[in-house]
């Protein structure tokens, strides 16, 4: 199960001070050519996948789920751009469509985890005291449980569909985010501008959501870009267990799993989706690194 | 960098000196050790508590029943503990004469009392044996198992002396000796069972190596979870001189793992073979491949109490819109036979009526009659499968056939782990669920009995008094031909009303190394290891 | 120090009770029948089984019994699906396998990841950095279930160096799975080491040392390793438990009789006692390795020592 233990790079992320993402950081990111290229590449992948799905829907590209039992396991180029799978479906169309699903899982589940994590962490940090201690002990408990097991139990509890996949992954990936935000909020709440807001008679809610959380945005953004790839990996492992995206739909995880089973006989089925998956994860990770550097003035000296 | 180089150097040295390219399977064959893939980990080593095909493979090595499996022909009977047997004229009373030389692996003689004890044990409600219903054929067996009768002497099995066993049946069964080959009829050693608990205690330590006592050609040597079960030749077996193997190792590997283990010369036999390796060697050799008919049926259950499956026209339309030939040729790809009925046909025996075909025209017409012209308005439903690549591919193909031929686009596929899947089927919490049924014994009744009203394996909500009546009539027919005719009539009802959607009849496909001799094609795939030889 | 250790012990017990309770609640909610077999079982027999395993008792009583079993008698009870085996037996038999494979994997991951990370940091944004970072990312980005069959195809079937599957005592069958398992962690270790070292290298005292013209290699080792490896040690806290507790994917593909298989199978088949045992074992391992990691950080970071018991 350990393949999918969440990225626990807490310490690295904590090194980022809670500045807001300004022009400065954007300029620094642009200067980091690799990260900037990754940003573009990710945009391209997203565009390609959604465009592909749109074209399939419009009938220009083959339907990713239409089977052709008379044309199974065709070689790349042989009527199909990247070949056909064991049920005669177009691999190219499936990769594009699967990419859309994988990216959606990555983004939506991450958003779920961000929403839970930020709210939870901010509340714990802001309220402090015994409430904070109890809330953080709960995080400790979840930390000490195997993630995949939690997801499996949650999925079998609620049913295996895309919606619950988002929720289940989001529900186990928020822990680190909560810790980061709690730490930020705890240091911020002692600062003058919060005191000022409080003396102006602002309610706890608006202090929390208007002043504290926006000031934690830097580390949140960095950690978010690192969560997306780890969520996508988790989805792939769930696909290995047959618990990921349900047929006939595909995700990169399910395509790679199918391909891995057939790698000795039709290598393309593994190669193409694995390449797309690896490329996306590569870009996300480099972008995350770039963002961290950009948001961390100390590290940007050279 | 230096550390890196050191590490790589170490690895390389270990790798080169360590394993090399040894042929473990060949070495094992020289030592008389048979290495078998067995699909999964055994649930138990207690014949009265096992239920899966893989477990029964191990049971067959450890235990021997009254009658046992012929090495080459399922229809034949090989004497086991019983030397000979006979029945009365209407096949309701059977007498088995036990051989005096049969011994348990601890030296005790195997007696009729052991069988009596075993049959009582499996029928005890407290043991909760999953296969107790196999013994319902004994008069009073069902009542005893359900707790309606508490006196075992009222059940139709007696031991007039140590070496005679008399079975009285609840219905005439000329095929009874075929039935008693099954795992659920194997004997257990009373003193051993009771040394580790009561008769009805489940899964006590008696099944462990060192404690386990059995009467088959082999005895238990070791049992390690997710690792292997190993059995060794039982020197006290009555026919021990005929047993050629010294040990058998059963490995619980997953499909792809076992094919790799086979390619790496660590197995003599794979339990299954992924279909792509059948058509593309993937490193395998053509002479390893074995494809054999297997007495089993792959189908879907419809939940007939749920709309729209309460309408037989809908069930027929969905059935006719499936191109079974395309599924066996392009999806399963292991020479399975497209089903035209439910019970698989057997050579020279029972043949089901030919009522199922691929007829999209008629399917569309029927669907229109049911009120769903062109699939419009057809309610959404789910195909329930247990998690597996193979089941998923078939379900996806069906999903697309219904979309293409009937215009139904609202089919979902839901996959569940085996445990959840099974409990959903039992609770009838599904729309349509995949199923596979492997014969317990060589007779069509093993396929047809389960569709009677209230049978614990029916699970479709379907019931037909006419069907039940025909089955009851079939049971009392004097000749095999007359019985089969009645069964065909019954199956005709099943195939018209279609609480099930038959897909194909099974084939067994696997790899077997040439060192293994006398491993023959068997319909039930129950190999008698006593006759297997290794010739490296 | 003693107060710190005692405090942690109490805290750990609370966390363990929490894990037990949470797992228990989840399993109470989960559907599925732990007694499903290949053929259907009549209703009254299932009822008998439920009674046999005590599942007919009220949940609170079951929970209380379980609490007693774990914290007083250290007994996980009997597995539902691996019948006749106690949870203790199963874990005793499978954990060593996972520990060996995971331990070897960890050594591999550290042995490769730390040097790569240090090199990458020292040669930031140069060829060596990109090479090391790409290698690390390859470990992270390629799913284990792709790497494992590929590694088997090449190193076991093609070259015949390692076993393609299986586990024999006294044989070196664990090397290939350990490397495959370690690759993923190697990726993270490299990245974290690199980031930690970069952070450490940007500290003023290092800049001063550099300005003084001390040879680069010696500065790296003497001044920054201790500081730069802090994030890695913090990461290793939970990660060590994760790698040692066994991987379902690796154990399935290599046919190893390890803990990871049991944990996932138990979750899928609703084998409550076994799942509880696995989750508690995992939890205990996380707590121990977190504790060790905290101690190591305490020792490595002089600034933390001033903070007394404020370790977390």
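Should a chain be cited, it is by its letter among A, B and C, assigned in written order, with residues numbered from 1 in that chain.
The criterion applied here is as follows: a residue touches a chain if its C-beta (ideal position, glycine included) is under 8 Å from a C-beta of that chain, and two chains touch if they have at least 3 such contacts.
Owing to the predicted nature of the structure, the values given are computational and were not obtained by experimental measurement.
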item	value
Partner chains that chain B and chain C have in common	A
Farthest-lying chain, centroid of Cα atoms versus that of chain B	A
A-C or A-B - the one linked by more C-beta pairs in contact	A-C
Whole-Å gap separating chain B and chain C, where each centre is the average of the chain's CA atoms	38
Chain A-chain B separation of Cα centroids, rounded to whole Å	44
Rounded Å distance, chain A centre to chain C centre (Cα mean)	22
Multi-chain contact sites of chain C, meaning residues that touch two or more partners	31-32, 149, 268
Junction residues of chain B - those touching two or more other chains	256, 283, 417, 420
Shared-contact residues (touching 2 or more other chains) in chain A	156, 241, 264
Residue ranges of chain C touching chain A (in the complex, touch as defined)	11, 14-16, 18-19, 22-23, 26-27, 29-32, 102, 124-125, 137-138, 140-146, 149-150, 153, 181, 184-185, 188, 191-192, 195-196, 198-199, 202, 230-231, 234-235, 238-239, 242-243, 245-249, 260, 263-264, 267-268, 275, 278-279, 282-283, 286-287
Residues of chain A touching chain B in the complex	65-67, 69-70, 72, 86-88, 156, 159-160, 241-243, 246-248, 258, 261-262, 264-266
Of all residues in chain B, those that touch chain A in their complex	256, 274, 276-277, 279-280, 282-283, 323, 326-327, 329-331, 387-389, 392-393, 395-397, 399-400, 412-417, 420
Residue ranges of chain C in contact with chain B within the complex	31-34, 36-42, 44-46, 48-49, 52, 78, 81-85, 90, 93-94, 108, 111-112, 115, 119, 149, 152, 155-157, 160-167, 171-172, 175, 179, 251-258, 261-262, 268-270
For the chain A and chain C complex, residues of the former touching the latter	1-3, 5, 7-12, 15, 137-138, 140-146, 148-150, 152-154, 156-157, 229, 233, 236-237, 240-241, 253, 256-257, 259-260, 263-264, 270, 274, 277-278, 281-282, 285-286, 289, 292, 298-299, 301-302
